[in-house]
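Only one structure is covered here, and it is reproduced in the block below.
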């Protein structure tokens, strides 16, 4: 197997939030508690999890919006969280980002064309070059040329998301980070965007990290799936296998939510113990005393974070 | 390409103003009065019957405190100067002064506020502290201090007001910009290595300009009142004065309030007119800008 | 209950701000263009000038090193030695405190007049929004907030003078001038001393100027109550209450009304500054003693020490008032209660 | 229980009225869970607001709406007094915003109870409130807490308890499961379903989520551009769609084990006031023919359901 394009090793990161109420001071909220992931070139890794699982934090950490407290983020073998500004600019060109909410990712007071061309600005290209590259990406995303002169507030959510994708690919990146790209869209627009993403991947040979709360969306374009709960990846493996035969209890619930139909609690505590230990059907004594180990199964193809599979 | 943010702001403001014009009679009346006031202020020095008295370089003590008559339509003050001419000269200065205060404070406030929101944490903390500090300074006392130091009253009042008004705009635009900096359209250009100045000019500025202008428009009335209060107090202290200033004229007229109420009433009425018209104007724009107040709405439950 | 921690945090912040204001005045005193001693002495002319400047130079310690000067300044500040007023030839602090108390009394009475009235009118307007009642209240309050206080005060004075109202000018009838109480508020001191006749006199002298000043908080608060209530009516929980079939009275009183408390308390802090300016103006119209009178006189005689003292004092008061307003604002919101 | 006859609802704006819902003939039987399914902007929330009496004053109406034998909308007149709360209550999308932050849960519950059961003593009001809390599986301690002291799930349940306080006959739930994690969606839906059975409620469930609709509903109503395009008495409609819109919508949903290309529905849903002539779906419909462009199809009985599509017209004649 080729070497991973993006390798995440034992990544820890936290937010500081005000203590709440009127108390003074801040506390750390651990968003990522030791994430390990490999993303191979030309494949799609789907990251799925509920709200507060740390999936968006993972994207933000890769982008450098959230500083890792521990661990490494290796892109083509370089730890990108420790690069200086100049080297970082080189890497930035190869990692594109499509955010969640289109209305917040495109400046409503700027023309669409200016928004798309923004990543090109620091490069100092000639006007014709910029025009040409805008034309190319707009065509790729089925955006009419007249759209370029419009402002963001004149466009619908689906169109804006296309614009966001156009901006993300204009530097011809190798890796595209997609943070819930369809969660604000209707079903029909979601289908359009997912189809576009699938086509683009083939056309440009892109590598995706797709984050979503909807496992069906993830399964549509993912080669591998990682399931996150409470800042940890609890199961990771080939998409098909995870969908057909989930091993971790949380994955089973994600795949079959109507089977539960009651509120279950996810422990978001600071401990490293299993976050679902309070209700897990497979729980053992060890679960409430020791953090679960990462177990490799299926010829090292699949990882499960659970005591149940240690034997 | 670069003029676009400004253009969209101008479009926003003009569409807001035309909408307000269409919907609010109070706005129409106040705008018309404002236009009249500004025209009179611009023509004032040319139509004043006694321009030298208006300017204050000439006094005529023999004609002091004359009641209104065809010769002196609004009467004369304690130094025998024609009140109408004085008012005409003072009007222009007063309007100009308040416009300068609001415009300079607004620009300064937006620049300071939006850059602070993007600055490193330490600078952000220091600037926020300084803004809070300036907000605590009483404008009237600051103006008095500056009047002693700088001498000239008009300039010191303008400076004092800018020093105390711009922190407001800085604080408001800082809070707005701080909300914006969490949004992806601000983060992404920073991610791609574009400068903070670029982000402020292209992303922050255009998105806070229109609401800030609305804020400033609704403050115009208060600024006029504050300026006149300060000059009024200075006028109380100063025995005689040359500069035509409405607040000082009111203070001067106060001494003869019972004997010659016209000296007090004419400038006070004009000031009231300006302040009320500005307030009604600003309030109408504010209400029309406000998403909930804009609605034609009444209690339905 | 809000936590002591929060109050402490706000107190420390305001203390830091107060230190900033003091340092600012130190800078203003020592680094003004020209000769600081000349300005401090009140820009004297004539025969006594040289002596006055020399004593000012000595007081400011201009020949001493900077850190000594700052230390002396802070020491004097906290021991209450704020210099001697050029104009009044008295210690600055006592003049400032005395005149500020007089103005504060006016401001507080205006608040007391305006707030209940404003809440009542604002609620009325919000409930009948779009109707005639609302429009009348809206325009009247806008015009009131926008009218110069000296005009209102002047007209009021004129009317009262015409009807031979005998309680104009001064804070107390000179006949009662021997009455001195511990608080400095004429209306409270007379009560403490048990002199109801003097109290009535003080009150009758206070009410006309307080009325003139109260137009500002009245106008502003009416509009804010109206806007806040209108916003509250759009809240999802008000819609939910309506959906539950609750009566309109209950919804307005129980669901929408609590929203105005935080805003009103914070705004009262902010309005305090402007009301103080208004008090200074209106005092002069009614020729009462107060901060306005002191400042007007200080400007004419270049009374630098007095103005510096007054600025610091008022700035401190404003910081304290706004801090208290913030704490009250937080305390009335259950979301931040612990 | 809820019946509308040619109901039209629009919103007044500067240039006139934008009609959001037109010619709506809806019938909901007592004790049934009806799902209104549609994409954003199709008018499903407007219908929900109309039924629960929460239309804003700038709304304009025509036709009739009858809720529990009371004519609440008749032409341009609305009268919901005695209906709101007593008969129909709406559950809002976001439970946190539906609870008053200034009052404890108990105060909010007892205010609602007191309004509708004025004879009760304070003690009875309290015990009734506690009963409601236990119905939604909340402990007694919640009674004295403020909304911000509750977790998201507890808030959701408290909001449901609040909606039940007036003991209504109809509950309109407007997207109560959107923006929730998958298993929480089903938790909320199953709680609503359980309460609906126990209290014999009529539940109008508004959603854009087909899988939740399939889980909870008895009757399916698909809305497009302010019209009912397909209506069926069982969730089976969602397995074998008749109207091209529903068909495409289901094909546009990603399916777990199939990597087949998702259906691209071209264009976007039309905005209120800018609906096309003829069939409202014709610009996006793959089966469009001439008649669709000219004339709006009536609602046609086709097998076990009602469909608004010309393709079923011939069939229905025979």
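Letters are used for the chains, namely A, B, C and D, taken in the order the chains are written, and counting of residues starts over at 1 for each.
Methods note: a contact is a pair of C-beta atoms (placed from the backbone, for glycine too) under 8 Å apart; a residue touches a chain by one contact, two chains touch by 3 or more.
Fair warning: this is a prediction, and the values are worked out from it, not measured in the lab.
K.L.:
Once you count every C-beta pair in contact for both, which comes out on top, A-B or A-D?
P.N.:
Result of the comparison of A-B and A-D: A-D.
K.L.:
By C-alpha centroids, what is the most central chain here?
P.N.:
That would be chain B.
K.L.:
State, to the nearest whole Å, the distance from the C-alpha centre of chain A to the C-alpha centre of chain B.
P.N.:
50
K.L.:
Quick one: report the Å distance separating chain C from chain D, using the average Cα coordinate of each chain.
P.N.:
One centre to the other, that is 54 Å.
K.L.:
Taking the mean of the CA coordinates per chain, how far is chain A from chain D in Å?
P.N.:
Distance between chain centres, rounded to whole Å: 33 Å.
K.L.:
What are the residues of chain A that contact at least two other chains?
P.N.:
In chain A, nothing touches at least two other chains.
K.L.:
I need the residues of chain B touching at least two other chains; which ones are they?
P.N.:
In chain B, 296-298, 300-301 touch at least two other chains.
K.L.:
Name the residues of chain C that each touch 2 or more other chains.
P.N.:
Chain C, residues with two or more chain partners: 241-242, 337.
K.L.:
Contact residues on chain B for chain A in the complex?
P.N.:
Residue positions touching the partner: 1, 4-5, 8-9, 183-185, 187-189, 191-194, 198, 202-203, 206-207.
K.L.:
Which chain B residues qualify as touching chain C in the complex?
P.N.:
Contacts found on chain B: 26, 129, 132-133, 136-142, 144-145, 147-149, 221-222, 225-226, 228-230, 232-234, 236-239, 250-251, 254, 257-258, 261, 264-265, 268-269, 271-272, 275-280, 283, 290, 292-293, 296-301.
K.L.:
Show me the residue ranges of chain C that touch chain B in the complex, using the header's touch definition.
P.N.:
16-17, 20-21, 24, 28, 32-33, 39, 43, 127-131, 139, 142-143, 145-151, 154, 157-158, 161, 223, 227, 230-231, 233-234, 241-242, 248, 251, 273-274, 276-278, 280-281, 284-285, 292-293, 295-300, 302, 304, 307-308, 310-311, 314-315, 318-319, 322
K.L.:
Of all residues in chain D, which touch chain C in the complex?
P.N.:
Of all residues in chain D, those touching chain C are 52-54, 82-86, 89-90, 92, 94, 97-103, 111-112, 115-116, 146, 148, 159, 162-163, 165-166.
K.L.:
Considering only the defined contacts, which chain C positions touch chain D in the complex?
P.N.:
Going through chain C, the ones touching chain D are 235-237, 239-247, 250, 254-255, 258-259, 333-335, 337.
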